[in-house]
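Notes for the one structure printed next.
First chain written, first letter: the chains are A, B, C, D, E, F, G and H, and each begins at residue 1.
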């Protein structure tokens, strides 16, 4: 029951066609979305003006394609992002849209139908080690499809400070930073100390032994002595890029 | 060695007063801050234009007062925030500044010397239960002293949705939301689904048994199905308010 | 905005006093509770016809008394339960109501204003060791104030099966069983195997060393080979009694 | 030694055929089941009037078939449920009974020989995400084979409240609710707050990183601020459906 | 219903005083202990011929004394052991029995009324550090009151092998060894490798940081490369002494 | 340097052939085993008079065969046990000895060259579920090859007490009991309460979700309220059988 | 910007070719490495005079070869070590350098172009069990390629002390000891007690059940009662050999 | 039995005073220390030429004083260190030796009787936060009493890099570095990357929430991407200083 329906109902009431008692009942049971709560209709996704997202992992290719087809209906001009996909899914999606691009490092598939930049500044993705790059790329791909200018700086682990400091002008230029690191997860603290903008730490599962699949980095990030650091889940490059985008639109 | 020193050194070189070889040596060993890296001089604090912070817990009252005295030197107009303090410390601080205000719920002491609002929008602090209020107040006090307009909504746990939804206009009005919840930590997911702005989740140690001192809420927050949620440490109200402030200044 | 308000609004629309457009706006923003969603107004409590509950721990005595006073307003005939209280709170509550009864083993305070039995059968509380009794009593006190017939069987740990089996007729007579055990938490499995009714396992923090504050019992309960066992939080006697009561009203 | 044996023994004693001393010895050692403790003969199963269950995982197909054949002996009219089976086992079971039905989403095989509805009300299975459906289906299949009317509501995660609230009449109609959710496991708290009936939370291992194979959801469920929630093991759809069935028969 | 009762019942049957049908009923419901299952009547204690035990911690002094009084009824000649008691309880127990002896290191109180040695060999208690001695003493006191010859060797940590090897003849003479160690818990492996008799490892909570309250030692003991090592709970000196006694009686 | 070598050295000294100084040196550096410390030469094995053991897992088949060949040298009459082996290794071992027997359930290979029974009583292996049988068989095979009379009772989980109690005479007859259980690991507590002999609990990794690979059962066993229970590592059937054998030889 | 560049800049200033203001700017932004901070240019590697290291795992063979080619540029005489490689990578590396040697036990590939011994004493690698040898070999290979004299002692677990003590002269001769052990991780404590030199403990993931992938050994090492023990990550043979080399160069 | 004893025995054998058979027996049972294993006589302490250590915590003041008195016997010139002591113990120790010095920050008491510097270079203790200073001081006090030149650099957390880099010359001058940090424990990685000498990381329990008593810092240290870092237990300043001293003597 959308705005039009409510209006019609009220007009029926005014016209005396609908008794007040029955109108009360209909109003009390109308589905919430009919009240126009479009703003609460997000469903783990990006329906807020820039992009739709499908988390492909754990879904069959058939399911993924069916969802994508629904989202690619002609009149929509939203961008579409599929995360944790693979070449097989890409080939199926390709048949739906010639514009589909596969990002092999992150496993993301993006369909850009709207090139507008809605983010106000630069989102910088910084990754500590080469093994952290797939997660970093997922963050970068997410931020890009959501309409941001994105740059990346990789392999700048804290045990070689000069490499990180070499990029300090780019770091200083960012409006939001996504900081991706596994092992001891020290990078967000160091980067956080260099800037006055928000730093989204993405711990990764890179490491072995007592890294416990990213727990070491996660705990380090949560205990960061740099106060401008907040954290998303282990290996959650999408989440890092998403939060950065939400901030960058402000 | 600040900018003036470097200039003087170079002028000495130009004037032939200082041999090149010795100048090279001096330049190679100059302290970093002398290069003007003021931007890297944060040290877990708020030295970026709005406030100074002292984490009082784990320091002796004497240490706290000494640090505060240093920060309250006449010419500075920074606001000052002391977190996790108590009445004893407050009395000592009061003697340093008549403007000191004690916030008993959070244990914070604020000295406002600069009433400027630098945050661009409203920071809303939402707390699930009444026991979460001290952490929520720490977030609110932090955001306020950092120059933000702050409002709070308390006791809106997810098992009574109507209470939360009652405040949905205030929620919709916020530019950044700090969401404080212990026990099962479900609130940030529900709030995150209602808005399109960043939500900073602050898990609290409220709960017992299998809440494991806030671990249950922390894990829930890290696994939030709302993608606009990021997380700070357990009970870290200061961190929640700080990250929100950093975002709200953008 | 309750049913009357909606009716009045609609009558205004019918009478032509209120333009449809403004009525639409008003309806879209009415607070949810105004729609009569009384059923979603539980808030961690027992407002569904039998009792009100205050979790006293973590609240100041003053707060507890204020909440209790509100709940004891004359026209209400709900029973009132305060859990995790103490003698000090009891004395204050006593002044509000002469009917207040203190249960020292569980720390509960009950005010029975309605003696009706709404539970359809017997709720049996079974506890493994004498140290588990406070948690068991909290379960029993909760179930009783919620209008159930409650019996208890204590000190029937599985290392002395004959003691448990001695009570097998009482066990067979129960409609719902709350099973309270610390240490290795084996009792719910054994009791669950003796009956065909639901068994609510309440693990307790009784034990030392590798009991890890009740984790051993909790894990045992979650892994019970008796399929009619479900689990609540460690030491959550209130929860055990509450779930049992909700089931026993069916 | 069943009732007949005891009677015969006592008659022999009365007839003087059996000395008292030997009768005492025989009685002291009679197997417990001979005393007619049929009610304690459950063994992780459903022998209480509605169904038999075989947990297929971890058993060889041959073992599963042999157990199933024993349970399908002509005179029995019990329903039979095999959980965590696969197509291979299904083909073998199919040869035993033409009535065998395979539920591919949950991996369950059901043989319905008794269509009687013994559950008194509706069991509603609610699942947060599409990835939680296999566990939810296991719960639904279990409840159905145990003689219940079962309905399901899927993909109603808390980050899109309107989707859940859209089903609030079905939710309100249920006598018992099984609530299946992975990731942050917030759904049972929200659902629990909407109803006054028991909610069986089934945490799932869906999620990644700090979901730790379902631990995040499990802890959230155990710490639910909705008091009518109890919990079974991670991914234990069978347990959720079983406990719901045991309750629904009351 | 004990042996005498059964005999009387059967004699009544034989005498025709009791109808068979009623006798069947009585027999089916007799409490298990009435069948003379004295052997299943242990209840976490030592009622098997040598001693009774009261775990004092977590009980009020009043409760402890009441239980002790019951166990000290004149005709019994069992020894009595109270573990985790203190001087206050000792003074109360002293009034019950002049023979009560307090062991301040372990907190045990023993009342020896039966000096018989029932253990067949020597039980040796070996402790790694001086801080482990209270737990070791609890093991020794337990084994002694249960009728064993007990010797102790303390402060023989593995980082000073010569100290341990100095006692290798005593070690070789033991029939059962209780090995008590905190920190890295290496001692049971070394001792286990020196002998061919059972070694009961008692991990202690001695240590700090990553000893996690004895978890480090517990895990070390469970992973011992000496195959003749088995383990009891952290700090469970009583359990170590008890298991050793049960073995030494064989 | 064995006894003969020392004697020869001393005779050389006596005969004046070997200077005292050099003899001192030789004695100070002689390998420990030369001193006849055969008792310390166990190395995770059974060299104490009854059997040799090879843990096959983690070794290449070639390595396993080489070690076995060395142990099967003609003059030795020790039994040989290979644990965690497979059919491939069995075929290779078969070529070394016609007497090799493969136990497919446990994966053990035994070569019995010495049929002597050295254990004084019966070792009973009790397992809770059918999935626990492989671990139970490893325990039984180990105890048998070490010269014990062994019997087994399987599928007697605590949720069907009558099944366990049906075997109570066999349980009562055992001198040592090995109790194997996964899931909630309750069996050792129940069995421990039925007997006065040592019970070696072997937790297994059987279970799912919050069984955490056997941790639930392990913790339950460590916290057993039956005092005659001690514990070995998860799935360590060999350790359970070994400790039982060491005890049964006493 | 290296020393020469700075010198040239200063000469330009002195010559009046470069205005002081612009020189200040250039100096403030010069890359850190240009200041000659060669010592901070390590990047998780061995660029300090003896060797380069590539961690091959988690990199594609192509990436590994590309990095290796860069490091093997003609003029460099550094040794090169690739850890966690395999035969496939070896064949590719072999084509780059005929001197490449594959160490199959550790998976290391070494290219020795500089045979100089820079370590001052003997590095001894001691391993507890045969399964620990791959990690031990990684430590030994690392130490060797870094220019040390290395010896190894394997299979000297603490349950067979005589085997360890047999090597006590070699142990006494070492300048640094790397001690590799899984399971209960007791070896470093025993070895640490035998010597006065630093012992680097490398816990391994060898073990099962409650070894938790090396956590048991790691905790044991961290809690060692031998004070000369420090620890690296689980299975981190490279780290053990590296730290030992850094120490041995002092 | 020391060298002299063996010599005498052998002379007796040579002289025919002692039969060979009895000499064999005596030699087989001689205590290990009699073989001259003075080097294995360390006992968690510093008996290797520079200092004795008493860990005071967990010992009664009386015990501590008794042990200290034994160690301060006139002829010894060892230094003495008591760790984790307090003012009360200091007063008692002061009576034993006028030279006792109390270090209030670390709780250490040192008695310097030997001022010799045996360490070859500088040991630098670096601490991240002011709350880490007590642990850092324990490390410094330990290294000093063991005969080293020690310097400290405090409050140089990684979120303010310039503070750390300000001390880079002192850092470059150290022969061994002890790096003390709580919270996210990032400092050792950054410091390790700046130098080519061994870095001993001492994680501290400073932090809250998800620092879990120092676990976050410990895991970070174990996963350091700087290869020259090794780790001791949480808060183990003594261990850090000890290992550094052992290295610095090489």
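Just so it is clear, contacts are C-beta pairs under 8 Å (C-beta built on N, C-alpha and C of every residue); 3 or more make two chains touch, one makes a residue touch a chain.
Given the structure is predicted, the values throughout are model-derived calculations rather than measurements.
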For subunit G, the least number of touch steps when starting out from subunit A: 1
Touching subunit C and also subunit H, the following chains: A, B, E, F
Listed chain pair F-H, A-H or A-D that repeats interface A-G [over half of contact pairs the same by residue number]: A-D
Remotest chain, subunit A as reference, centres from CA atoms: E
Winner on C-beta contact pairs when A-H is weighed against D-F: A-H
Distance between the centres, which are taken as Cα means, of subunit B and subunit A, whole angstrom: 25
Residue list for subunit F, restricted to those that touch at least two other chains: 40, 42-44, 157, 159-161, 165, 193-194, 209-211, 215, 218, 222-223, 225-226, 233-234
Pairs of chains found to touch, sorted by chain label: A-B, A-C, A-D, A-G, A-H, B-C, B-D, B-G, B-H, C-D, C-E, C-F, D-E, D-F, E-F, E-G, E-H, F-G, F-H, G-H
Complex contact set, residues of subunit D against subunit E: 3, 6-7, 10-11, 13-14, 16, 20-21, 23-24, 27-28, 35-36
Interface residues, subunit H side, partner subunit G - complex: 39-40, 42-46, 48-49, 53, 120-121, 172, 175-176, 193-198, 200, 218, 222-223, 225-234, 238-239, 242-243, 246-248, 250
Residue numbers on subunit A that touch subunit D, as the complex places them: 29, 31-33, 37, 40-44, 58-59, 63, 203, 205, 213-215, 218, 233-236
Sites on subunit B touched by subunit D in the complex: 128-129, 157-161, 183-186, 189-190, 192-194, 207, 209-212, 215-217, 219-226
Contact footprint of subunit G on subunit A as seen in their complex: 130-131, 157, 159-163, 165-166, 169, 206, 208-211
